[in-house]
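Per-chain residue numbering starts at 1, and chain names A, B and C are given in the order in which the chains are listed.
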């Protein structure tokens, strides 16, 4: 696959007895925005660290930006950009000092650096003084500068590990606009997130649980795959107790059940019993056929195993 | 809102989990006292022995050999013959010897002809730990050599009989180990506190704590309690090792010793807190903790260097150092068995300093919280 | 390589020096501390509180007491006529007490049995020995001057010459030691903290996500502290030489070479500690766990010759031992060739080993 920006086959990472990543395989096309969804500890960050050359895999094959993982960390590190979960700029340095330090780390020529810096700062529409200390910037701006720092060397693939944790919704949507722009410029973006609205904006998403990829597709196809049944939203007409709903949760014709506040998402099996149940529910609830959200998909695949 | 123990206890519990989970720091904090008492206990000996002595004997007579023998059998020196007076000096230049004995030709003849046989003793003045004691031995070696070799024993109109009180065998450990109680508490209390609290400022979790309805005082008490416990455990380690391994006497009241320890600990915890509030950055907090807490506790408290020998300015300065007063309490409790009245000044001073430093720290902490 | 290193140096110096408090701590405080300790610390015993039973008829006791107080070694301690000398020492009102025989010292001497008892608080061993020596010397002087009994000259006597520091200036002893101590504390602790700080804050991950080698990271992170350590040397040395008149008899260049080798060892130790510690608190504690025994065994306060064999071996692998010996030898003795070469080589050897060890332990991947 010539167009793969990232390709992974049977990749495993073990820490002692603990298997953090359990034989996963997938491929990411060039120019794609690829999302990684999963609970904490599902193995997202570990996978990213392997792909950035920060961790060595215990087994499996992979290549990033055309470089095989076993070709050495240096070659990979040179071709990828990485923005980690933790905030990774120096608080006590200015914007310019941070960027020029990173340019030094990446061995950029000073003239090339100055050009890249100006164009990237224009790209993120950074309008503050370059000699502002990072600690004096608002959270959203810091995040954008961190993004700028991670693409300073013009990498082919950019890995973003929960890049928008802890910033305001407005700053998040601004950040995602930048991500889409980067993809349009031909960069491959590999991003992990907790936010479902962000996941919707990915071209494809992979759902991880316990070190394994349990589903991988475009958001639309994932919804269709995971929910072959029709999904309904029930809205209580009169107050109900969660306890009253237990019967519904455990009903043999209910394929999926999840409360959202005072509303409930319910998928019914395409059986006679399911059809009967729907009619019965219509008497107690306002029932509306809806298309599943990614949150439903996530819950059903990642957390819904037990049901 | 008023101070509530329950809230302070909740914070203390959280902090305790931090400390217990951080195995590395816990091991270091508890290992440090043990390690220090053992190294100090085994390494320290003020009484000089085995000093390498370069000897050049140009006389080569029975008398000169007996003089050399007197040096060798004193236990203070290790005799190392050299070929010339110049070589003796070179041995000192090259730090191969700390002292040199140069016996000139005609040494025995001078003695036998009724004169004074003079030899030269060179001492290395670059090393304070040996030159002082050796200077003290010279007179007694002269007397011993004169008595042994020349049978010279002059009458002494005044004979001094010295009684060494509280440490009759002049055991260096008895002097140093009680002082370690102070040093250990000083390190644990001031350093750990200053760093932990500065860390909370550094990573922003202090703001989080302050946004809860907890009172500043509750936060302080809660955060410091586990370190107080660590400090007391360290003190207990010093006590147990000193009594069992090094067989130190403890002649005073345990209650007073522990009380002094608690007062000192509280003062130093408050000092650590004050430092962390002032600096809010671990690297700076560490340096300040060292300057304000640890170095004074080691060097200006009388631990090794006697306070009485300091210039007047420093003698007065040490009065505001809590470490100085706990040093007195620790040593007097171990060796003298002093009573509360006898240690009244120390307790009073320590108490006053404790109150003052806690007050300043609490005030500064509170003031910093108000935007 | 050079570009990366330059970037590191710029960043580290900016970070270390932007905070004015840090500038003061790095450059001013070592000088203040050296001054402070050079002035305050002394191994000379002085101002010992001495008590003697006041007895106007006992002329000799009076003389010994008066001359003691005149000597500055002693101060007169309070305590009345009937005081129990043992209790006076126990309560701390006096450090030493002279107790004359029944009937007074003068009469006892006249009888030919001048036994004078000296009670000394011997908690401080050095002080007790010094006090005994002082009292002996003073009583000899009193015998000579007041009893007019010429002190017989020993037929065998030693002419004592103290080399390099004939007047036994305390500063000459203390200053090299304090220099060695301050330098090792700042370099070890600051290096360790600076590296662990990156881990603690999370910037370490960013650092190693760039294609940098372990060598570049280690050099980039440590050279600034190496430089800061070396800059401290002339500052502290200036205080020593101009403030305290400590002689600088050897070559400054040699001292600088020795210092660079020494600072390499301490910086490497700081780096090693940081590879074990995961936060700044841990690395500081680790640093002190190394420093306490290292200072103790260096010969700074206690003679190495007296230590039991295992401690003595430990002191030979302690870089502080060799640096302290070099400082004293170069400053006070002018630097004896073979000695300086030997110890500088030992320090360089240690530096190389420690640096290799820290390179081995240092990883640019995560565990």
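Note that in this section a contact is a pair of C-beta atoms (placed from the backbone, for glycine too) under 8 Å apart; a residue touches a chain by one contact, two chains touch by 3 or more.
This one's a predicted model, so the numbers in the text were calculated from it and none came from an experiment.
If the chains shown are joined wherever they touch, the resulting network is a simple chain of contacts running from one end to the other without closing. The interface holding more C-beta pairs in contact, when B-C is weighed against A-C, is B-C. Rounded to whole angstrom units, the spacing between the C-alpha centres of subunit A and subunit C is 58. Taking the mean of the C-alpha atoms as each chain's centre, subunit B and subunit C sit 11 Å apart. Of all residues in subunit B, none touches 2 or more other chains. Shared interface positions of subunit C, defined as residues touching 2 or more other chains, are 19, 201. Here subunit C touches subunit A in the complex through residues 3-4, 6-8, 10-11, 14-15, 18-19, 201-203, 205-213, 364-366, going by the rule given at the top. Contact residues on subunit A toward subunit C in their complex (touch as defined above): 49, 52-56, 73-75, 77-78, 80, 82, 84-93, 97, 100-107, 149.
By the touch criterion stated above, subunit C contacts subunit B in their complex at residues 19, 21-22, 25, 29, 33, 37, 39-49, 60, 64, 86, 89-92, 95, 105, 109, 112, 114-130, 132-133, 135-136, 139, 142-143, 147, 149, 152-166, 168, 170, 172-174, 185-186, 189-190, 193-194, 197, 200-201, 276-282, 284-286, 288-289, 292-293, 296-297, 299, 301-303, 305-308, 311, 325, 328-329, 332-334, 336, 338-339. If you check the complex, the residues on subunit B that touch subunit C are 22, 24-25, 28-29, 31-32, 35-36, 39-40, 42-52, 63, 67, 89-90, 92-96, 98, 101, 111, 115-133, 135-136, 138-139, 141-143, 145-146, 149-150, 152, 154, 156-168, 170-172, 174-175, 187, 191-192, 195-196, 199, 203, 279, 281-284, 286-288, 290-291, 295, 299-300, 304-306, 308-311, 314-315, 317, 328, 331-332, 335-336, 338, 342.
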